[in-house]
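There are structures below to look over.
Two complexes are shown next, each including subunit A; its partner changes from subunit B in the first to subunit C in the second.
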Partner chain A sequence: MGLEYGFMRNAFVAILIITPLFGMLGTMIVSRKMAFFSDALGHSALTGIAFGVILGVADTNITMVVFGIAFALLLNYISSKSGTSTDTIISVFSSCSVAIGLAILSKGGNFSKYSSLLVGDILSISKWEIVSLFVIFVVAYVFFFCCFNYLHAASIHRTLAKSRQIPVRLVENLFAVLIAVIVMLSIKWVGILIINALLILPAAASRNLSANMREYHFFSILFSLFSGILGLFVSYYTNVATGPMIVIFASILYFATYLYTRKYQG
Partner chain B sequence: MKHKYRFTALLLITVAACACLLTGIYRRWQTTEEDTEKVIVVTSFYPMYIATENVAGDCTAIEVKNLSEPQTGCLHDFQLTPEDMKLLSTADMFVINGGGMESFLDDVTKQYPKLNIVETIADEADEVDTDGQETIHGHEDTPDHAEETEHTHSHEEDADDHGSEEGSHEHGHTHDNAHEWMSVSHYRSQVEKIKDALCEAFPEYQEVFQENAKAYDDKLAALQAQQEKIEKAASGTKIITFHEAYEYVAEDYGLDICYTMDLDEERQISAGEVADVLKEINENDVKIILAEKLYGSKLAETIQKEADVNVYYLDTLVRGDYDKESYIKGMQENINILKAAFGVD
Partner chain C sequence: MKKIIQPCGLHCIKVNHLGVRFGEQVILEDINLHIHCGSLNAIIGKNGAGKSTLIKAILNDIPHEGDIEFKDRENGRIQKLKIGYVPQSINIEKNTPVSVYDLIASYQFRFPVFLKKSKKIEEKIKQALEVFEAEDLIDKQVCNLSGGQLQRVLLAMAVMDEPNLLLLDEPVSGVDQNGMELFYRNMQYLKENFDLSIILISHDLDYVAKYADKVILLDKSILREGTPKEVFQSEEFKQIFGAEELPDYVRREKKDRSSQIASKLEGGSLWD
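Coming up: the complex of A and B.
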């Protein structure tokens, strides 16, 4: 199965950790209508790397994560203050940060150096990244355990939730930070162009089928894990980039569940 | 309710089965019968492949394989695929150009520290190896890579990938220009080095290698003789190039480059640079531009409209068919173009 190679083992472990996480967070992202938000976050990775390059930081992962967190919080803040609709604001921020990132990274015609970021490179998963993914994994579960009800309440009716003494803004910010960190840590091997699909598709497919919250999470995590593992091995044997392959499987699942719902429940 | 779970189970099984089936078919369709008995020599990219193939190709015990190729551009930006990593894991020798051309080399040395890597770039560019004798660069004991190797070892457990990526980029800049194969004389020495390395690693086939290399070198020498003819007419001519690889061409013909614009796939040219080129053309009275068809033609057309210059498109020989003679053919075409340019017959 190719697991005798170190890079495949790393990739496999990373997928075992990250796809359930994507599935779990995805449900919340989908029901909170934050798909565009996480997409913008992915794009901001470019800027994070660009800042890292400018500052001469050896490990651009750090600047990427820091920038991602700052970006997420800023987005949350502005969209809660401003009267303009959220998607406009996200779009403005997203394109602005992509532009800055592209401008810096393409200086001197060197953008091709970073083009692997766009589609992802599975060889770039290192042990260090797996450890940090695992830490995030634990943190995310703890967070979900403690705050899921708050988040859910806020996504159903924000004002009502506030009136029930739920610290809506804090919970929302924590959630945004969590997404930022996870997206940034997995972007190098998934690729900027498709990372959002990994967050959204399993949850969307699961939404087609599920009748309650428990099912929603169960199917989402199942679909995510399934397409992750299958995508990894198929991409290994067919010599295709892994991220796109995973997304293709997730999309197949989405369309299948969509048709199923149309037929039996619609 | 039950229905739903049955559907999901069925769906997942179907998708997985289809995926496995299709992948299996694809694999069968792709793989050719492989002889595990053979010694496998992997080359990093096209010119290296052609050179090695010419030296070792007809030796039945040796199989020369090339890494999967980037479709565009130079090797600078090439990422190894898992397939390549697998290929390298079976390799007995890895022939590279060196000089930072293979920016993925760090990944390779990290995974396979024992791989016999043969660097073919000329020694004078390689400050440490001045004796000109050392040809096999078993990576671990090569002084100029000591730092890299150490890095590989110390981080083996918690490889900080990005750090090494940066490192490889820096390494990539240690040689300004590693397009050695563009010069026939340099290419001859590369072939020579490959031959020496092969002889040392597989002494049992020494004679075949020697013979092949000699035959190939004769053909290359013939090319060089033609070049020398052109050089007489062309020497000292001022030119502008649109690819750094042509610096080696210029060296072969004694041309004087007044401006190089290094164009490749994702390079955006700014208006200021176009103006610079035009200024150089006027100041130095340049009549000849050497460009690469794929990336240079747009700019070249623009320049031709603005100034009275002739643009000649030369092949950079980084990709082509896997025919043994294709380097010679390509180089011959380049020579013919330059013959026409300088009016030599």
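Coming up: the complex of A and C.
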């Protein structure tokens, strides 16, 4: 199975951490209709790295995470203030930030150095990076344990949630920060182009089958884990990049559940 | 929720000089209301009169001038006002995996709904639903409920933590005639058996006439308030709605007329 190699073992453990996290996060992103938001965040990783390069920071991960958090909070703030549709606003800010990032990174014709970010490479993950993923995994689950109902209530009806003394703005911002941190920390392994697919597909597939929140989360995490593990091993044997392989399996699951629903539930 | 309390008649809610403006535009101006507990207060007015804005201001959801106090009439003590709110609609699309249990538990309890179902919470939610004969709906998907069913679920949730004031934002849209009758009977039941007052935005003047204790005619400010009869016979009412649209009980017409008005009102064509 390839697990005799250290890099495969590391990748396997990383998958076991990342995919349940993405499955869990994805359900809330889909429920809150934030798919475009998380996509924009993924793209803004380039800008974060670019700022790191300009500032001469040794570890561009830090500037990436900081920029991601700032970007997420900015998007939240502007969407809440402006009357224009959220989609348009996110699109404007996302394109602007990507353009700035690309402009800086491509200066002097050096962009190829960063092109691995687009697809990601989970096989290169190190032990320490796994530990950092595990920490964020624990933080995310603690957050969900404390604030899930608040977030869910706010997504169903904001005013109603506020009338129940739910700190709507606070939990929404915390959630945006959480998405930002998770996306930024995993983007190197998953890749800018497909990270959003991994967030959205398992939740979307699960939505096809589920009737309540428990089923919704159970299937989403299960689908995410299943396509992650299968994708890793199939990519090992076929010598294809892991991220895209995982997304292909997740897509197959989505279409299968979609057809199943069409057939049995009309 | 379990113990049913008779309204004591000693509390009152006062809205003082409430005003709302968006930039230069004045939406509401100098609204003063005195709401007695155990009363059903209906707000009527044309589209754009500021009815929904008034509800949002009372909920403190939008910036506003003025204040709202909740007083004990015996010794004038000011208490914290608990508001139950029933929105017009909620953001639940087709195929959303949210059951009635999930919906209510999310607002009412902290234990995360994506984990296992708690027997204790389920029991409490069932009890709340029983008040409106909706206990069988607990495992139904919210997106598959009819308008009337959803409304009963939202009502059950709104009265779960014993509010002093119940706010309803145009709750009768999307509900048929039988559902409307049931809804107003539920209102009647609530105000008689719970210690709360109700403020209700309504489009159906016939039901307002039949059930409301007080009617508030709104157009930017309060044009007229009083018993249904007083308001419906007032000059201000005629100016806003025209003499044609007097509700049934004033004109003593036949029942079919009332459904005619209701259907006109549903389509919103009446006020255009």
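Everything that follows uses one rule, which is that the second predicted complex is superposed on the first by the 264 of 266 C-alpha atoms of A that agree within 3 Å, B and C clash if a C-alpha of one lies under 4 Å from a C-alpha of the other, contacts with A are read in each partner's own complex, and residues count from 1 in each chain.
In this text, contacts are C-beta pairs under 8 Å (C-beta built on N, C-alpha and C of every residue); 3 or more make two chains touch, one makes a residue touch a chain.
Quick caveat, the model's predicted, so the values are computed rather than measured.
Residue contacts after overlaying the shared chain place A:His157 against subunit C, while subunit B stays out of touching range. Touch criterion met: A:Thr60 reaches subunit B, while subunit C stays clear of it.
Applying the stated contact rule after C-alpha superposition, one finds that A:Asn149 touches subunit C and leaves subunit B untouched. Shared-chain residue A:Arg214: touches subunit C; no touch with subunit B. Counting the residues of subunit A that each partner touches, subunit B and subunit C differ, and the larger count belongs to B. Put simply, subunit A uses residues 211 to touch subunit B in one complex and subunit C in the other. Within the complex formed with subunit A, the subunit B residues making contact are 1, 3-4, 7-8, 11-12, 15-16, 19, 23, 26-27, 68, 73, 76-77, 79-83, 85-86, 89, 107, 111, 157-163, 165-166, 169, 262, 264-268. For subunit A in complex with subunit B, the residues that touch the partner chain are 2, 5-8, 58-61, 106, 109, 111-113, 115-116, 121-129, 131, 188, 209, 211, 219, 222, 226, 230, 233-239, 249, 252-253, 256-257, 260, 264. Of all residues in subunit A, those touching subunit C in their complex are 27, 31, 144-146, 148-149, 152-153, 155-157, 159-164, 166, 206-208, 210-217. Subunit C meets subunit A in the complex at residues 56, 59-61, 83-85, 87, 90-92, 95-99, 101-103, 105-117, 139, 141, 167.
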